Each structure stands twice: as structure tokens, then as C-alpha cells.
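Below are structures written as C-alpha cells.
Next come two complexes, and both contain chain A; in the first it sits with chain B, in the second with chain C.
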Partner chain A sequence: MTTKSRTLSIKQRGLTNFESIMWIFTRLSALAMYALILFGMIGALVMGAREQMNFADVMRWAFMPNVTHVQSTEVPDLNPWSNPFWKLTASALLLVAVAHGVHGLVVIADDYITSEGGRKFVRLLSIIMMASMSLMGLYIIWTS
Partner chain B sequence: MGLKRNVSLSTGLRYKGQGPMLTFILHRIGGLGMALFITIHILASFLGGKGGAFVNSIYENWVFQIVIFFCVLFHAINGLRITILDLFPKLIDHHREAIWIEWAVFIPVYSICVFVIVNTALGG
Partner chain C sequence: MEVTVKIFRYNPEKDQRGNYVTYKIEADENDRVLDVLEYIKGKTDGSLSFRRSCAHGVCGSDAMRINGRNMLACKVLIRDVGANITVEPILGLKVKKDLIVDMEPFFDNYRKMLPYFINESPLPADGRERLQSPEHRARFDETTKCILCAACTTSCPSFWASDEYYGPAAIVTAHRFIFDSRDEAADKRLQVLAETDGIARCHTAYNCTEACPREIKITKAIGEVKLAIITGKLD
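For the complex of A and B:
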């Protein structure tokens, strides 16, 4: 039975402990990042990127819709690119990406650090890293 | 914690898991690469100044762009495959075919990116 658990449906598996909740979070946050990046791309095209930006700049904007990523392009008016709507989108992408990434680092570290104390230390480091990266990122987004 | 590994790291690296193992290792390398890149990028933007400008000059280098594009695209496309298979577990029966489809998507997309990056680096 245990060898087949991977093929059980999500409901039958039961998401009860923290690790299994993070397992589904990793999958769903990946989809959320796809959605947010696509959203940023479409937003850039709506705001006139077809005329003033090349594709590389559109992707740079889409991967993190922060106004500093379009400053070097020929966009005449940066105001629509730096309004709270895009700052909120960028914040959402940042927080989802940091949580996804830091949890990924913990999963990798768990493959090599197996002692209980070591794993607790990794989790402490990960919480510090997640908090500091999120705060620094939010500071950059909301002050640039 | 009852986890105990009885193989060394070098044995682990020589393990012939073929296609699925290769995607696993590349997914991990891509994830680590991105984590490193984004951490340094946020720190550089936050601190600014001369150090930040130096870091940005690395990011504009075409060799770095080829590496980071491999990390991002492989991690994204492989991650999408993992997500689809895990959310629809019946598809796991066909996981080897899914990996072939993944390469069929990744190779053309990455080739175009490398072509554009090199083309621009040579003066486009």
C-alpha cells in the first residue's frame, strides 16, 4: 500500500502535517507564479510594450513587475508601471517566490543534514532568511 | 529522525537513474542557481552603491545569462511537469513519456533563448 501512495488522489492522501501542506503549497505556488508572470506579460502589452520595449525587457518586467526593470527602455511615462496595482502584484510574486524558494532550500538541506539538531538549525536559518528576503524585497518594491 | 543514508555522495552522483534522475538533478541545480541569483540580486538592489553596480554588471554578461536561463527555464518547465503529474496522479503511469514531452518543449525554447542572447552579445 505504501509504495502506491504517490498514485492516490489528493483527497485520499490527506494533507495533515506541515510537510504535506508544504508539498501541496510548492505545487500550487508554482502554478501561481506561472499565472503572475503571465499576468505581468499581458499587463506590459496592454500598457503599450509592443511599441516601446523588446521581448527581453517584457520578460524582465514579467519576472518581477517592478518599475526599475523598465527604466532603461523607451517607455515614455513610467507612472502606470509604478502604481500600487503593480506594486501589489510584485509583492504577491515576491512573497510566493520567497516562500517556494526557501522551502526548496530546506528540502535540499534535509537530504544532507539528517540529525535532529541540524534540521532544527536549518529551519531556524530558513525562517530568518525568509523574513529578511521578504522584508528587503518589499522595501525595494515600495520605495523604488 | 530515522533517516540513514548508506551510500556516499560520489556513489549517489554515479547512480544511473537515467531520465528521471537527470531531471531531478537538473531541477535541483536550477533551483539552487535561482536561489543564489535572486538572493544576491535582492541584496544588491537593497544595498545599492558600487557593490550593487558591480553585481548588475555580472548579470548583464551573456555567459551568466545563458546559465541563469538554463536554471530558470528548466526549473519552470520541469516544475510544471511535476505539478501536473502530482495533481493528476493517474498520469504518473506515463511519467517517462512526460519527460520526453518536457525535453521536446525545453530544447526548442532554450535554443531560441541561447540564440538570441549570443546574437545580441555579438552585436545583434
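For the complex of A and C:
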């Protein structure tokens, strides 16, 4: 009788395939975004945000914890936001969010575009979009 | 009781596109929708075409959309669907005639899952069967119930968008062999499922679970296959 425990290596179960790696990345990056968003909001509270708690401000702290966005929120002291630690946090959230969002769009596009050439074109476009959005965001974060 | 049945009709030799024809007939509330279709074909309009074979929910031939939901016509009673019934072919596959669709893309996907037992190891010393514990058998019991009626796959929005997606029925078949402790080709099946048109296209809509006339928990089975790809554990 077969009783041996059956476990497959990464290669055996097809996880070396780029598409399946991205499939797992999309799930993990969603979790990472929750963590980073919470981190940004808690950071804002720690650094003195008390009254600027309307929806728009909370969204700014959550999604873009950087000095450019904090400027418009009447937080009295902007210095804590412009240190490298918060810039790195903001960069991490930006990169994860862009990759997650763009890959989500690719998956949706795959529902409608099924030819191999079409799918390659969508992937090329999405890589260009992902790179340019990431670069623009990083520029804003690190030059402000 | 009088039953009004609106049926999708399409004759490829005459019609540019399908249209609906309404029939009014007398039926008992305990009749099945299949009985009603048989009655119309026998007494009113012999040109009506649909698939049926066993008529007892086992062969899976007569999956169709009844009042917008995928069901087996032989398993649903008039009293369950009411006196106004709309019958249409299952979605996502090309209609050949009336309620008959081209099942080839469905079976193409099915065949990609290697739907047969693979074990290249020598037989046990006594040269007889490969034994399996009741626990190992129970692991894939749910997915052995599939009758390949295509009710699940043709209720899946991902499959409607693209029949390149293998679809729930194919993944259920893969599940049946992947988790069979006697089978040795789980890796081949998982590698196929890890491709672009595999499990990544399942967006967990749950339509398949609702549509299954055998009440297989299909979304759960697909989830287990996803986990097997992520963790590599087959037990």
C-alpha cells in the first residue's frame, strides 16, 4: 500500500513558470500593501497627525507616506516625513502597488485577448507602463 | 397545469442567428424539464434538437440553461422552476443546433489534464492490485463524482471570456488524479495547470459550485489544486 508522503519540488509543480510566479506575487503583494498602508497610517499618527483625519488625508498617508503629500495636510512638522526611512517605505509601497495593479490589468486583459501575439503585446505595454509609473513615483518621492 | 416553455432555436442551415420559440403545453408539476422537451419534440415540433441519454442524472448529456441557470434537464422538476420556463444552450461553447453545443473545446481541455491513471512503478510483490487506504481514497472522493456535463465550465465567467482557460471541469479531473496516492503524474498535471491558461484564470466566482448537478464543491477542489501548486504537498 502506498503510504509515502508525496511532496513535489518547485520545478516539478511548475512554479518556475513566470506566469505562476506572478500569480503568487499578486497575492503576496496584496498582503504587503495592507501591511504598508497600516504602517503609513500608524506613522502619521505617531508623528503628530491628530486633527487631519478626514478621508482624503488618511488616504494620502496610507498610500503615499511622503513629504509631498503631507504638505497639503496641515501637519505642522514635515521633517519626519522627509527622512530616508519614510522615503524607503513610500518607495516599497509604490513599487508593490504598481506591480500588483499592472499585473491585475494583464490578467483581466488575458480574459479578452487570447492570441499569443496579442498577449505578448499586452505584456510589453504593461512592462513599459509599470516601469514609467514606478520611475515617476520614485522621482517624486526622492526629490521632494 | 399549463406550462409556457420558451426555447432557444437555431438551425445552421436556415438561420443567420438564433431565436426563441414559445410552446404552451400541459404538464404535471412533477414532470421533469426533460419530459417537457421530449413532449414538444414528440408531439409538437420534431425538429427540436437536444442531447439526452440516460435521463437519470448520470450520463451528463442534457446540461442546459434553464431559467438562466445551468442544470441537467433530467434532474429538475417543473414545480422547482415554475410554469414559465426558458431553456437555452449552455454558454461559452458554439451552438451547433438548438440546444446542442460543440463540446470539443471542453474535451480538449479535459484531455490536457491527462485524465487517466499513470503509474510506471512495478506492481506490488504479489503481482496484484495497488492497494490504497480508505483515508487516501477519501482524499479525492469528491471529484470522482464528476460526470463531465460541462454545467460548471460553461457557468464560469473566465471560460466565457476565453475557452483557452481549462475550466472547472478539467481542474476537477486533474484533482481526482493529483490527489490519488497511487498515481505518479501529479507533476505533469500541475505543470500544465501552472501555465497562463491554468488555475491563474480562476477568479473564485463560485458559479461552478452552484451549477454542479453532482454537488461537487468545485471551488474548494480548485483551491486545493492551487495550494498543491504553491506548497507542493499532495497529501
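Heads up, the rule we're going with is that the second predicted complex is superposed on the first by the 121 of 144 C-alpha atoms of A that agree within 3 Å, B and C clash if a C-alpha of one lies under 4 Å from a C-alpha of the other, contacts with A are read in each partner's own complex, and residues count from 1 in each chain.
We take it that contacts are C-beta pairs under 8 Å (C-beta built on N, C-alpha and C of every residue); 3 or more make two chains touch, one makes a residue touch a chain.
Values in this document were obtained by computation on a predicted structure and should not be read as measured data.
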Partner chain(s) touched by A:56 [first = chain B, second = chain C, both, neither]: first
Chain B versus chain C as contact partner of A:119, first or second or both or neither: both
First, second, both or neither for A:19, with chain B first and chain C second: second
Touching partner for A:140 - first (chain B), second (chain C), both, neither: first
First, second, both or neither for A:8, with chain B first and chain C second: both
Residues of chain A that lie at the interface with chain B and also at the interface with chain C: 6-10, 114, 119
Contact set on chain A toward chain C in their complex: 1-3, 5-10, 12-15, 17, 19-20, 22-24, 107, 110-112, 114, 119
Interfacial residue positions of chain A with respect to chain B in the complex: 6-10, 27, 30-31, 34, 56, 63, 68, 97, 101, 104-105, 108, 114-116, 119, 129, 133, 136-137, 139-140
Chain A partner contacts - residues on chain B that touch it in the complex: 1, 3-5, 28, 31-32, 34-35, 38-39, 42-43, 45-46, 72, 76, 79-80, 82-83, 86-87, 89-90, 92-93, 116, 120
Residue ranges of chain C touching chain A (in the complex, touch as defined): 130-133, 136, 158, 161-162, 164, 181-182, 186-187, 190-196, 198-201, 228-230, 232-235
